[in-house]
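Letters are used for the chains, namely A, B, C and D, taken in the order the chains are written, and counting of residues starts over at 1 for each.
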Amino acid sequence: MLKVGIIGVGSMGTQHFLRLMNKINGAVVTAVSDVNEAHAKEVIAPYPSVRYIPDPVELIHDPEVDAIVIVSIDSTHEEYCLEAIKCQKYIFCEKPLSATAAGAKKVVDAEIAGGKRLIQMGFNRRFDPSYEELKALVVSGRLGEPLVAHCAHRNANYPAQYDDVVAVTGTAIHEIDTMAWLVGDYFTKAQVIFPKRSRHSKNENLHDPMIIILTTSSGMVINCEIWVNCQYAYDIRCEVLCEDGTATLPRPSRVDVCTAQQHFTGMTTDGLGYFAEAYDREFQAWADACNADTYCAGAASAWDGYCAAVTTDACLKSQKSGAVEEIPLTESPDFYK
Amino acid sequence: MLKVGIIGVGSMGTQHFLRLMNKINGAVVTAVSDVNEAHAKEVIAPYPSVRYIPDPVELIHDPEVDAIVIVSIDSTHEEYCLEAIKCQKYIFCEKPLSATAAGAKKVVDAEIAGGKRLIQMGFNRRFDPSYEELKALVVSGRLGEPLVAHCAHRNANYPAQYDDVVAVTGTAIHEIDTMAWLVGDYFTKAQVIFPKRSRHSKNENLHDPMIIILTTSSGMVINCEIWVNCQYAYDIRCEVLCEDGTATLPRPSRVDVCTAQQHFTGMTTDGLGYFAEAYDREFQAWADACNADTYCAGAASAWDGYCAAVTTDACLKSQKSGAVEEIPLTESPDFYK
Amino acid sequence: MLKVGIIGVGSMGTQHFLRLMNKINGAVVTAVSDVNEAHAKEVIAPYPSVRYIPDPVELIHDPEVDAIVIVSIDSTHEEYCLEAIKCQKYIFCEKPLSATAAGAKKVVDAEIAGGKRLIQMGFNRRFDPSYEELKALVVSGRLGEPLVAHCAHRNANYPAQYDDVVAVTGTAIHEIDTMAWLVGDYFTKAQVIFPKRSRHSKNENLHDPMIIILTTSSGMVINCEIWVNCQYAYDIRCEVLCEDGTATLPRPSRVDVCTAQQHFTGMTTDGLGYFAEAYDREFQAWADACNADTYCAGAASAWDGYCAAVTTDACLKSQKSGAVEEIPLTESPDFYK
Amino acid sequence: MLKVGIIGVGSMGTQHFLRLMNKINGAVVTAVSDVNEAHAKEVIAPYPSVRYIPDPVELIHDPEVDAIVIVSIDSTHEEYCLEAIKCQKYIFCEKPLSATAAGAKKVVDAEIAGGKRLIQMGFNRRFDPSYEELKALVVSGRLGEPLVAHCAHRNANYPAQYDDVVAVTGTAIHEIDTMAWLVGDYFTKAQVIFPKRSRHSKNENLHDPMIIILTTSSGMVINCEIWVNCQYAYDIRCEVLCEDGTATLPRPSRVDVCTAQQHFTGMTTDGLGYFAEAYDREFQAWADACNADTYCAGAASAWDGYCAAVTTDACLKSQKSGAVEEIPLTESPDFYK
């Protein structure tokens, strides 16, 4: 039974806490840390066996904690990863690995220096059954070489503090990791294009929607739309164009209704709910791997987290220049193969 | 240029008139008859070359009329068909051929006696591209023998005078002809089942929806739902189960919309509009055949009209008995092959 | 941690065993029984903590077994249920509750006599998210009263021993429980109709496909197709016609592919895999309920198992008579409300 | 009865000839011209009333020709348009209006100088019912302002002479006119992006697929994929992102088939057949307008043809520069409003 400590029980952290307590086989949360003590204590109240530890570093070192889940704010991920690596404890780190590419590199270096693969990044789509089927088909070669992918990441709406930077580091980063994983390649160029802004964009520093054009080392183009105030629902699209055909991510299964001269299916605005099964499978795979004292081969590594950070840096640069920006990446080190 | 006389310019008759004047190549309407003189004159007003002839029989005999379109009330079809057969003029007759199976038999006998195939029944679905594709696939044998079909005929709503009889003779008759044509077989048994009535059924003599189970001479079962107050739209369904797979009639192509947490396509309540393309193709095929002095091989013949009448008679009988009723049909005479 | 004993580790039993060991939170299998000792030992080999107990009755009484999962052959369910009721242990019983309606009644009576709700029937579709959404919509009344449902249960193919009886007691029984649950009603009449037989039916005592027409106490008609050699895939359909619209069960989400002049999605022949998520949720709900020392309110009870048995009896009778047969059911006793 | 002369009876010209003879009401072809005399005579052989006139200019001037259909090779369109304008005869001109933007401007100027709107460009999608529904929805404002459109134009395959130039002037030009019409705006910027080339591209001067990014005067971005060797079918996609939702062009209605573990619909490789209904409606609208001695308001004008030419010029420039190129367009002159 894996004893887990969670750092951060905001909305996503609370979901992860409940998931680990009630759904995941072979894991149990023993300790929780959060800057908001009152809230944290409320979350764990129904579970008397779970302790509240105010200091995250203390939680990381706690002997009743075998593995760490990091869901605190982005700027803290790097520090907690480095601390947990010191203890050689397993880490589940929500994206990003660090707020900067340089910080991500430090974590990668520390993990390599430690000699043991400890970090699993929370890129949950790698565990979504639809993305898995899509990747399996593309990788099989049945449709020939992949040439282009059209992706869209749409959220119903976001608060006013959301801007062009977060649109890349918090949202586009999912497309970036997913597509690198799906086509088994890394990115070499990025360009950001700003269309007319939606009136629903609440921040003058948010160009919404925006289009990001990524090129891989083999020349494949990822044509990616980011639209976080689309109003209508949370909606994720992906079509991969291969030489002999195309493969498209399906929508979730929902009841079809005919009424009032419409044929419709409902959609959700709940992004966490949309990928709920992927989250469950991601954590089960992590718990299983930790219990077997190894890492989960299909999951995103610290290196993947680093690659994502370098790519988002180039996107941010292109937002300012409007030009195509280079992405200084290479193939992954042997340690991560 | 085929000179056409139309008997009946109610809503469907007016559509056929306009279709022949403005869309059909090689045909022109020269005369129109209708019990409502004022309305008929209004319909033809923009077309000065079209004459109004009060007496339908006179219209049939008129030398400037080569071919007759019968869209008058059901009870008159038999008489006008017989009259036009006397003149050996081509006839396009909206269903039914006659109000009774016995009357339909008289028309068939007269046509055979005349020695020339003159009548095309207005079963328009035989000219619908989707039904054509469905039939072609079933007939090809690619999916093996057809075993069962699930059909549904749904109208948004119907006025209070609509009852169990018209539900069969006016609505189910389309499913009957279409399925006999589609599977190339004729019916031997019928059973009508009455589920709970919709509160939208405006007539206590209308069990809406109802289910009609038809069996063909080879044992195939047609499981047919008739629902004329479904409220939501005009909707026609057909799935054919064959030994190695199933084939399903598609919905019409309509724009997909995502908005307000719904993914939807619009539907129409307009039954005449739903099959507009089928009507156009049906009349073009009829005009082409008449201009070539022959009959249209794929269209419904007077014999098909007779078969439909015998089948609807059995359905009406089963509505009263609740039991399985026999349908006294045989293969078609050589004259109609 | 709920300690579970499983009776029967055939293909379905093995899946349940693995599910409980690896996916379900709060439950662990401690003992397994099976007539095939060698096979059972192979299944449990990777799990040294699991004991093999040859005698199912001994397993039921074992002090290290808190709750029983019955996945043995149909004829044994009644006996094991009665035995576990004696011990007042929780029971998860795969359908049917008994091979006969009379036997099912005995189990119901024993459970009532014991004074505690112990049995959860393995009707897994009640835990399928799509069926849940469908039921929620129908029950909400948003579409008005339900009037008719069209259901289809299709398996790719079945071995030669499969006959008309099993088509009802092993297959149609799922539609029966699901629809009674979905519309919150019970059945009063049944009629079975035999269409032309598929050449793929391997048993002359199997009319495949067959159509079962069920009527509920309120007059709703369930028009249900059972087709166990459809060749193409495992496929479950359900459309509910309500007064103001219809609601249709969706297909599973699968990647869309365009290639070789086709637009397609793959389908599975694996019936157990099709509802895998429903099985997981069903067992998690059962384990959670047992751990809370109560029963799962949404799951099928022994009474539901009894109702299914009475209904299948009527279907078997109609297979012979061809007529509409009465189903002697009433509303459920207070004990099961 | 409109008397039509056709210049060019290659594959598309022959389809137009047959359409005008057999489907279009109120028009008849009286004369045909083509560089391949033998072929032209073969095409008209079944229609003795149609004359072959070797010289296109003679055909334009022929007194038995009221209106001209130009389907000859691209480089000749400008000359024949100018000649027909001299005669003040109505013109149906397949795209492009001219091989160059400068040539297109000459035709526009001549038409304006003549004082009468004579030219209808053969941009058939404006008559496609699905595009019409899409435009009506976008224009209605129900979904708010349009912000982005994702378009794809895919052909199964093209011969070796097809290169980057024709991909723009022969293929992308359809997207260009359609989108300008659909959103009621004109383009100001173009950028072409070359992804990895498909191995099915038969010409080293063809980057297939390619992506064209167009910006409109209001800032809307048209993200357009051109892929002419996609192998799988002829496939046209369009999704318009508006502030409150998205609208997507549907696929054509095709029978759904379930067989061999697949759920599929057939697709066509036949581009002319794909839009057959649009062609029919386009020519009927043209014949109706000519017979009423006016122009068809919804159709593409010579100005639209000019706009398309200026836009394709910018795309060709960007193919070489890789950069964003300006498109020197303004709102249309009053003559074309």
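Here, contacts are C-beta pairs under 8 Å (C-beta built on N, C-alpha and C of every residue); 3 or more make two chains touch, one makes a residue touch a chain.
Because the structure is predicted, anything quoted here is derived from the model rather than measured.
K.L.:
Quick one: which chains contact chain B and chain D both?
P.N.:
Chains touching both chain B and chain D: A, C.
K.L.:
Tell me which chains count as touching both chain A and chain D.
P.N.:
The shared contacts of chain A and chain D, listed by label, come to B, C.
K.L.:
Count the C-beta contact pairs for A-B and for A-C, then tell me which is higher.
P.N.:
Output for the comparison: A-C.
K.L.:
Farthest from chain B by Cα centre, which chain is it? Let me know.
P.N.:
Chain centre farthest from chain B's centre: A.
K.L.:
Round to the nearest whole Å and give the separation of the Cα centres of chain A and chain B.
P.N.:
Going by mean C-alpha positions, chain A sits 57 Å from chain B.
K.L.:
Approximately how many whole Å separate the CA-defined centres of chain B and chain C?
P.N.:
44
K.L.:
Can you check how far apart chain A and chain C are, centre to centre, with Cα atoms defining each centre and the answer in Å?
P.N.:
That gives a centre separation of 38 Å.
K.L.:
On chain B, where are the residues touching two or more other chains?
P.N.:
231-232, 244-246, 251, 258-260, 265
K.L.:
In the complex formed with chain C, which residues of chain D make contact?
P.N.:
Interface residues on the chain D side: 156, 231-233, 235, 251, 258-269.
K.L.:
Mind pulling up the chain A residues that touch chain C in the complex?
P.N.:
The contact residues of chain A facing chain C are 21-26, 129-130, 133-134, 137, 143, 244-260, 265, 277, 284, 288.
K.L.:
Considering the complex alone, what residue numbers of chain A touch chain D?
P.N.:
Its residues touching chain D are 144-145, 147-148, 150, 152, 193, 195-200, 209, 211, 213, 215, 218-221, 223, 225, 227, 230-232, 241, 243-246.
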